[in-house]
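Can you keep this structure in mind? I'll have questions shortly.
Labels for the chains are A, B, C and D, by order of writing; each one numbers its residues from 1.
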């Protein structure tokens, strides 16, 4: 067969493939099966100083209520073609609620949390349980838990919402239900009922001995998080194990019924670096979002250097190298999809350079 | 503020959002968080009588070897915008190998299996262990296991490849490595070494007591699969439990080290319907591909009725209703992503109508 | 064969059995396999008012140190033929340590804990980590952890030791090693290093993500235990779930790395009854020891009624019915072997009568 | 205080201890907490040539039926003070059933299995499912499963019964119920229904996806066991992994729903040594019973050398060293309590000398 005849036959074959809704692997294997992750998502940095004023303007112009449901402004990774996704799997948004406003109750398959950079006065009501939201707190709303928010304080509040919306969309796993337009319980207790049952280390109610896929503890308060990080650094000062690397304390938020991650789809952690600490440089299969809670420093994501101030957010695509340098004491909240990778036996991590302090 | 002024301000805000790589939730929540899965993938049917001649033509026109790696022709779901994906998460392809041909060794993060509709003579060499491929067999190549194929028989062979390529791509979890251009061991044993160690029910080698994320058994032979399905129907005839519903026998391929799914990302099952059986109609969060191994019948997927003959393939998008009707005895192989949904606490199933026999 | 001849032959057979170290089942099956547990251990009650003076006399007469190792006085269940065992599987002892005294370091396969009815001033040093012991605290010394005690306070102290000595003896599982004669670290910190790492609810150090068979938290402080019980009763007052039955709050001490029991062989719990509460009457396969921490009431164990005052101890043999009645608020510590029964699929429980309040 | 006065005071104290049902630890710690296991059970050997004639005599003299329940003759370890226990935790007995005889149905908390050294013709009916018993087969009767036996063959049969009677007695965990005096189903199928559902490697019925504490497979047939051992030795011949040490093939009987032990309390294994193989010498916390299925050799248990012929039984107390030497090909069945030790975190093993071949 001549080359020309062959090419014609091949083109005919490809046309027939197309007609039969078939596609050859051999012409696109490099795209489908790259040698390592080639995420479309980019390393990117959002300054809180930009985000907050925009959220405030939204507070003036956009009502919150049924339909739109939430006044949440999502990070749209520049690599993700106009999708409101922080990374391939993660949603991150600034939610803004004015004094007296109510975000109506709904529930959905997507797992969610709130992390509060600053402020107080909002209660999120989770399955009927009012949970106060204050600076440094991590608040959970696991998959299919009813939740709405209302502001009982005196100053508008903005916080970080983290969800697995892109993952759930990619899996076609979404379910959503509307609840009451208002909030069933507008009481403003300091502690939620979930904390009354679950916020005691190692004490488990005899009335709740079954393992659960998500943590039954809805609020991880800053006071405990802060103390746990400080204690690790104290142990380091005294020459005892505890920190994950020199100058770097870190805790994972976990589910007291299993010891595993607090949420089934989102890993959540808090990190603290001493001033001057440079973390190890590592890359991990899977993506992450980091937010500065307090302090200043630098993030180096795959060679992109981002200056960090309070509230700033940074995205780390899959397999991008990551290193932090702390100018001051630097407290960082992060969430990522690494638990999913572990469940599916897809996890991989590489340390490229050691840290220093 | 007038409406006009408000609209202008709002547009300004949205422009500023865009400039800052932000997107509001409230304008697109319906798309992002639908009330139930709204998959782009469609219920679709590929006839083996169409697929096989196309594969044969590819066998004449396209060499197999390094670069293209495999002569695999993928189902491209008409709803998935020209991507070679059977469903949102699943890859399904016909692989075709001529007598004496070699598909060179490689390995990748994507998990894979082969299911053989017809023929014999190919050995897939998995981590150096030659595994014969014969009609009705399920052969595994778990994530990061080396594998290549060679044909030592006398008639070209086509089989079904199943992989998690779309999932791994969506997660940015791909890794790939090239191995030797040839096949290290061209011996053609009837049984692989993995079967010598693991193919005895409930007998576990003392030399291998650790739990593994993927099954260490690389071949699930048709003889055992067939016998297990027949036995369930015999039990039904005798009035004993065993079938999953009247006239419907089914087994799941499992990992003998855990009792769980054979592969970490792909659930695999074999079903047998007695002639005349109508299965229950159900829908499940997550997607599936079904292939007829033997027999004739009908699949009803979300109201689309597909006539089924040997080798035919059908896609079931997430949450689409599914019902089979067996004209003859109907043996069906299927793979799906439901294990992922279970791991992530996203699983859901609904029975819409009972079956009959 | 005549009866006489038969009897003679049978006796001959039995003699030959004995000579061959064999025994027939049929003559003793009722003893070996009773219809329900027939424990030799009895329901019994030890008054603290008896125990403490005896411990004080031991403090005067018996030195503590290498060899005897511990000034521990064990409950010897009257049914257990002079063995120093509280129940079939459980050891319970009053340990007494005078001011300035040292109980030297050792370690053993037996798992242990201390529960402090009253007093303070002793530190138990567990794998080199000094752990303060104060009223209401539960302190762990898991299997094969080094431990010694020293008294740095100003008043002699008595506490409850709980171990699995009878179980480990019955299994022939004992190992024991002597450590230093003294205590390596006589510092007296308020908090142990284990608490600095692990005493924050749901916060797990990133440096310690592996699951462990025993809790890494060595001290469960009374303040948290007390608060957790109070919170359950508050929830009950407000009409919310939390208590395990009306008027009855209870927590289990758990391992934060798994959510399961704090110790691999000993289940430990704290219960609180409101004044006037009568618990349900239930029986459980497996045995238990209960100690009154605070309050007065009555225990009914298989029909034996025991008046309870602070520090009093009661044994509950396997399958004996148990019911408490609270005269005042009644705080009860308990430990049992039920986790073992669960692991071995031997667990069983029956509720005989409902409780009231 | 003079020594005499002190001694008198001490004696007074000890008397008062006794009066109060208390016992000091310090006078008996060496006995209670030895440095390593000091089992009362001894290494011992029972010859099948002694056992079988005694069982046959029992067959003539002792009826089988309700009350005595079973014509089972238990190994009574000479160290265990006249108790019919093979080791501290394990019961082992020869059960003997004549042609046409029936052992009536009962069930109990104790877990049990049968291992058949020789013969055929008996069916054990487990939860109504008739299970043939043939040479080399392992048959399970898990805790609380109904079971009775009947002999439909033409030659009396003896087999090994293994149970956890001593363990369950030590835990006070026994429950027992009488069933029908006869056998509900005297059919004699070659395969039980449990095998029809579960005897296919890695195929799991969709109708039975829950994990179970005991294997749902009641019969592990010799053909598969034999083949699995042969295959390991073939792999060794070809230079591939598989045997647990040179010349030593071994499999564990496992539960296909979990991959763990077939029974919750009894580990069961089959071993095969090539002629001339000397195993490693090792000791393990926990006790075991071994029975020769086929072949001749020697067992060295803590220095006691026992010559082994078909059917012979040997006990291995906790922490006793164990080594086998195979004169001919040597097939050994064993059961032990090591799973219990693992569950309770009490497991320990030491290799004292390597094996050779």
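Assume a residue touches a chain if its C-beta (ideal position, glycine included) is under 8 Å from a C-beta of that chain, and two chains touch if they have at least 3 such contacts.
Here the structure is a predicted model, which means the values were calculated and not measured.
**Student:** When A-B is set beside A-C, which has more C-beta pairs in contact?
**Tutor:** Ranking A-B and A-C by C-beta contacts puts A-B first.
**Student:** Measuring centre to centre with CA averages, how many angstrom lie between chain A and chain C?
**Tutor:** So the centre of chain A lies 42 Å away from the centre of chain C.
**Student:** With chain centres taken as the means of their Cα atoms, state the distance from chain A to chain B in Å.
**Tutor:** The computed centroid separation for chain A versus chain B comes out at 30 Å.
**Student:** Scan chain A for residues touching two or more other chains and write them down.
**Tutor:** Within chain A, no residue touches at least two other chains.
**Student:** When you check every pair of chains, which ones turn out to touch?
**Tutor:** The complete list of chain pairs in contact reads A-B, A-C, B-D, C-D.
**Student:** Quick check on the complex: what are the chain D residues that touch chain C?
**Tutor:** 6, 9-10, 13, 16-17, 20-29, 32-39, 41, 44, 46, 50-51, 54, 57-58, 61-62, 64, 67-78, 82-84, 88-89, 93, 108-110, 143, 165, 168-177, 213-214, 264-265, 285-287, 317-319, 337, 340-341, 343-346, 348
**Student:** Within their complex, state which residues of chain B touch chain D.
**Tutor:** 193, 196-207, 209, 211, 215, 217, 220, 224-225, 227-228, 231-232, 234-235, 240-244, 250-259, 262, 269-270
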